[in-house]
Amino acid sequence: MIRGKNIFVENEVGRRDFLKLSTKVATVLGLSPVFIPKISHAMQAKEKPAVIWLHFQECTGCTESLLRAEGPDVAQVILDVISLEYHETLFAAAGHQIEADLDQAMKRYKGKYVLVVEGAIPTKLNGAYCQIAGRTAIDMLKDTAKDCAAIVAIGSCASWGGIPSSGPNPTGAVGVKDIIKDKPIIGVPGCPPSPYNFLSTVVHYLLFNKLPTLDKEGRPVFAYGRLIHDQCERRAHFDAGRFANEFGDEGHRKGYCLYKLGCKGPSTFGNCPEIGFNREKTWPVNVGHPCFGCIESKVGFNKSIHELSDVLHPNPPQNYAQIQEASTKPITAVAAGVVGAAVGAGVATVVTKAKNMPGEED
Amino acid sequence: MGIKRRSFLKGLAGAGAGLTVAPLFTGKAQAREAKMVQDSHVGMLYDATKCIGCKSCETGCKTANNLPVDLDPTGTFDAPRDLSINTFNIIKLYDGPEGRSFVKRQCMHCVDPSCVSGCPTSALNKEENGIVSYNKDACCGCRYCQMNCPYNIPKFQFNDWYGQIRKCELCRETNLVTKGQPGCTEACPTGAVIFGKVKDLLVEAKSRIQNSPDSYVNHIYGEKDGGGTSVLYLSKVPFEKLGLPNLPDHSQASVSEGIQHTLYQGLILPGVVYAVLAGIAFKNRSGHKED
Amino acid sequence: MEHEKALGGKLVTSQTAFLSLLFLICAGLLAWRYAVGIGPVSNLTDHQSWGVWKVLGVLVGAAFVNGGYVTAFLVYIFNRGHYHRFVRQAVLFSLLGYSIAATSLVYDTGRYVNLLNFFIPKYMQPNSALFEVGICITVYIVVLAVEFLPGFLEKFMPEGEGSKNFASTLHSFLNKILFLTVGFGVLLPTMHQSGLGALALLMGQKISLLWQTPWISFLYVVSSIFMGTCIVVLVDMLFHQKDLKNRGYSDLLKKILNIGRYVAAFWIVFRFEEIIRQGGGHLLYDAGFEFFFFWLEMILIVIGMIVLRKSSPRAIFTGASLMLAGGLLYRINTYIIGYESVPGMTYFPSVPEFLISVGMFALQFLIFITLVKIFPVVSQE
């Protein structure tokens, strides 16, 4: 526990809840149950990675959702698993005092701390659109990133620009990877991303001492490797052609597929249907609203919410109707036998009759 | 030994009268005029390149026509594999070297339908608006329409004690009346299948090929195939791969009716032949009594 | 006064008992068919909608009995009085055969009450070959009945010369107008046999080029002619086994069959010409299911023709049987073997389906055998 600096989290986490959490992390990472005790152990390790958490053009939603996740437990664990050295929302201190803390932390953990960035970085007007303590976001990011071990860009804003980058992008908002090029960057996009994706990324590092496998966009494959469409609980309705056409119509009330209402599941990668959000594991489609692709850089805040999505990798189910389907009843041995017997009888009759007739010699 | 020459020649003359019309068989047998698309005919245009295989049209059809669920072979999913007595329209998948494509199959509402030509009791009719309709009160259940449809569309309720033929009728008594278009075109989210007058759809299809020649096979299936159909197809994959047969530009009905009309129009030829035969038999009636 | 006499003899023999049994099984199965529909009883499906009921019952059955057609042609048109003795039994056989064929159509239609629509002007559709076949067969059955009526009446005519009753009046009237009925008796079978072939025309490419041709109507008429000669001979031989050693008799039969052979030869040549003209030549040697049945059909007929070069009764019987079998196979081949709605489809009748067809044939033979025992049908020459 980091006392003094963290006033929001005060309760102890019980052992059972801790194991539940470890189980969930194992699931998210796609690890076998063998790893559950190892995960628990890793999360309680004395050696905690120092984390410096920066905020730029953001709504603080990522932090807030972390804190709200399933009650305080997850938040607590996250904050236990890491050694949070700088966080503008969570820390009670302010002003020069906290800036001094930041410098100290950077020096103390030089080369070893993890830099978590929340929010996009504006680039127009030399970054004047976001300044903290007189420094632009760009400068702050570059300075802080210099001595870090790795960067986690949490949320869509930090990953690729997010909502500040939509439309005409008046501030020239970009993601971390467009500014920093010489450090490993893991993107955990989402608006907000599931807290479990963030936690699992950190735990992965603690467990295996290396970062998880990333896809082309720098996102962990364990969370962003599959299309939401391919994991959606309403997929069967899509495959069978059952759609909601309007909010509140019969199809909508029956829980049919929301593709026609603009669901971007078919073009968005993520694991929202699998792990959901909050204690009830809800996610947008689950409660009747189409996914709008908040994770995906060219989809969320780019395509309008009710615009029809592209269908990436359309994969018809195995039992899709094929071009030629012959519906015929099979030939049974009995039938073949009966017909054969009849034909045989006919032939035998003719032959017998013929034999009894006078031949050439008569 | 041998048939009496005179009577043989008489008999031959009689038969010859019938056979002199034989030249009418060749070439001229297709003499029955080709039927053309009328301005009032409605139909559909299906563009396989826009189809995402969502099967909204299958569900739309079932809803519009109150059709029950058709299960897949495992009995688990509402996923018919083919047209049937409960499935009037189906999306099928082709996955091959030329690419992947879906294809929508339903009654083609041919311009000169074989089923209409062959139905002995006028149960199938080509309506004013071009729809090929079915009338169960006229139908005797002979299933000739199943045998002669080049697309194998009509399905019969074999397991019913007094079955009917079932097929797409472009929702002529259901959705077409209440919503102005069939259930399938209403349901399609991408506009892969659209409804309209056939002549307008042909113009649209031609312009699509013209505007993106690389996206399509340069042929509008149904423009002339089998004498023409009211449901037109555009595709990137060759039509034969999608199960649409390679048919000549004339309809089978024109061939069959050409021959039938040549022989029986106005019952003239049969009348002539009959008169000749009866005449010969009359002449012979005293002759054959002796043995 | 005519040549024909009732055969007499016991009506119940092991033969008729067996045929009755076959028919009873069929009747039971038909009752089941009417209760549950066509599907559960047969192997008919949407992809093979016409099976043994239509093809064996109607098409084959109708060809099987073309004896009446051929004899009418020979006797009344070609004026070969010599063949007159065959007429009545051929007519009866045809009458029964076509009636059975028409019945097959009734149980093989799904909405049989609407078969009456064939005769209601509002529903008639004369473009359809099936309509033409239906009307034609119906009228032909009436014509055959009228042609057979004299034979039926003779049983009720008084023996002595000069005495009359209603039966004898009607009998002589019918003989006077015989030329009118004969005209139909030749015209109508020509029409509906060609119609049975014409049914295939609308099926277009679904029927293999080995059988499909615009001339198929003509080919069906021609094949029914040579099949008719075979049937006339076979039926007669079965009733005159005592006379087989008579040289004159077997020569007479041979003459009929010679006509059949020439007609068959013409038919074979025309068949091959059409296959090749339409570009189906490769099918003649590309091994496969259809290839096998096509050649079987041809070989049966050709071997039959070869066997008929001899004149012994045994040769005649065998040759005629072979040619007839080939002709029957022609019809089965057109609509079942040669018909493919979708690639990969197969069809084989189910046991009940087949037994119904067998039972109907049995009924035809049963009635024929019974009637020739009661009525003067078979010639006694």
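For clarity, chains are labelled A, B and C in written order, and residue numbers in each chain start from 1.
Here, a residue touches a chain if its C-beta (ideal position, glycine included) is under 8 Å from a C-beta of that chain, and two chains touch if they have at least 3 such contacts.
Since we're looking at a predicted model, the values are computed, not measured.
K.L.:
Taking each chain's centre as the mean of its C-alpha atoms, give the chain farthest from chain B.
P.N.:
Looking at centroid distances, A is the chain farthest away.
K.L.:
Determine the chain that sits nearest the middle of the structure, using the mean of its CA atoms as its centre.
P.N.:
Answer by centroid distance: B.
K.L.:
Report the inter-chain centroid distance for chain B and chain C in whole angstrom, where each centroid is the mean of the CA atoms.
P.N.:
31
K.L.:
Please work out the Cα centroid separation of chain A and chain C, and write it as a whole number of Å.
P.N.:
Chain centres of chain A and chain C, defined by C-alpha means, are spaced 74 Å apart.
K.L.:
Just give me the whole-number Å value for how far the CA centre of chain A lies from that of chain B.
P.N.:
51
K.L.:
Can you pull out the residues of chain C that are in contact with at least two other chains?
P.N.:
As it turns out, chain C has residues touching two or more other chains at 45-47, 342.
K.L.:
Would you please write down the residue numbers of chain A that are in contact with two or more other chains?
P.N.:
Only 324-325, 327 qualify.
K.L.:
Which stretch or stretches of chain C touch chain A in the complex?
P.N.:
Within the complex, chain C touches chain A at residues 43, 45-48, 237-238, 241, 244-245, 310, 312-318, 321, 342-351, 354-355, 358.
K.L.:
Report the residues of chain B in contact with chain C in the complex, numbered from low to high.
P.N.:
Contacts found on chain B: 3-4, 7-8, 10-11, 14-15, 25, 29, 84, 114, 117-123, 136-144, 146-148, 150, 152, 154-164, 245, 247, 252-253, 255-257, 259-261, 263-264, 270, 273-275, 277-278, 280-282, 284-285, 287-291.
K.L.:
Please name which positions on chain C make contact with chain B in the complex.
P.N.:
Where chain C meets chain B, its residues are 34-40, 44-47, 49-50, 75-82, 84, 105, 108-112, 114-115, 117-118, 122-132, 134, 178-180, 182-184, 186-187, 190-191, 194, 198-199, 201-206, 214-215, 217-218, 335, 339, 341-342.
K.L.:
Spell out the residues on chain B that touch chain A in their complex, using ranges where they run on.
P.N.:
Chain B reaches chain A through residues 52-60, 72-74, 77-82, 90-94, 100, 103, 187, 189-190, 241-243.
K.L.:
Okay, in this complex, where on chain A does chain B touch?
P.N.:
By the definition above, chain A touches chain B via 236, 238-243, 259-260, 308, 311, 314, 316-317, 319-325, 327.
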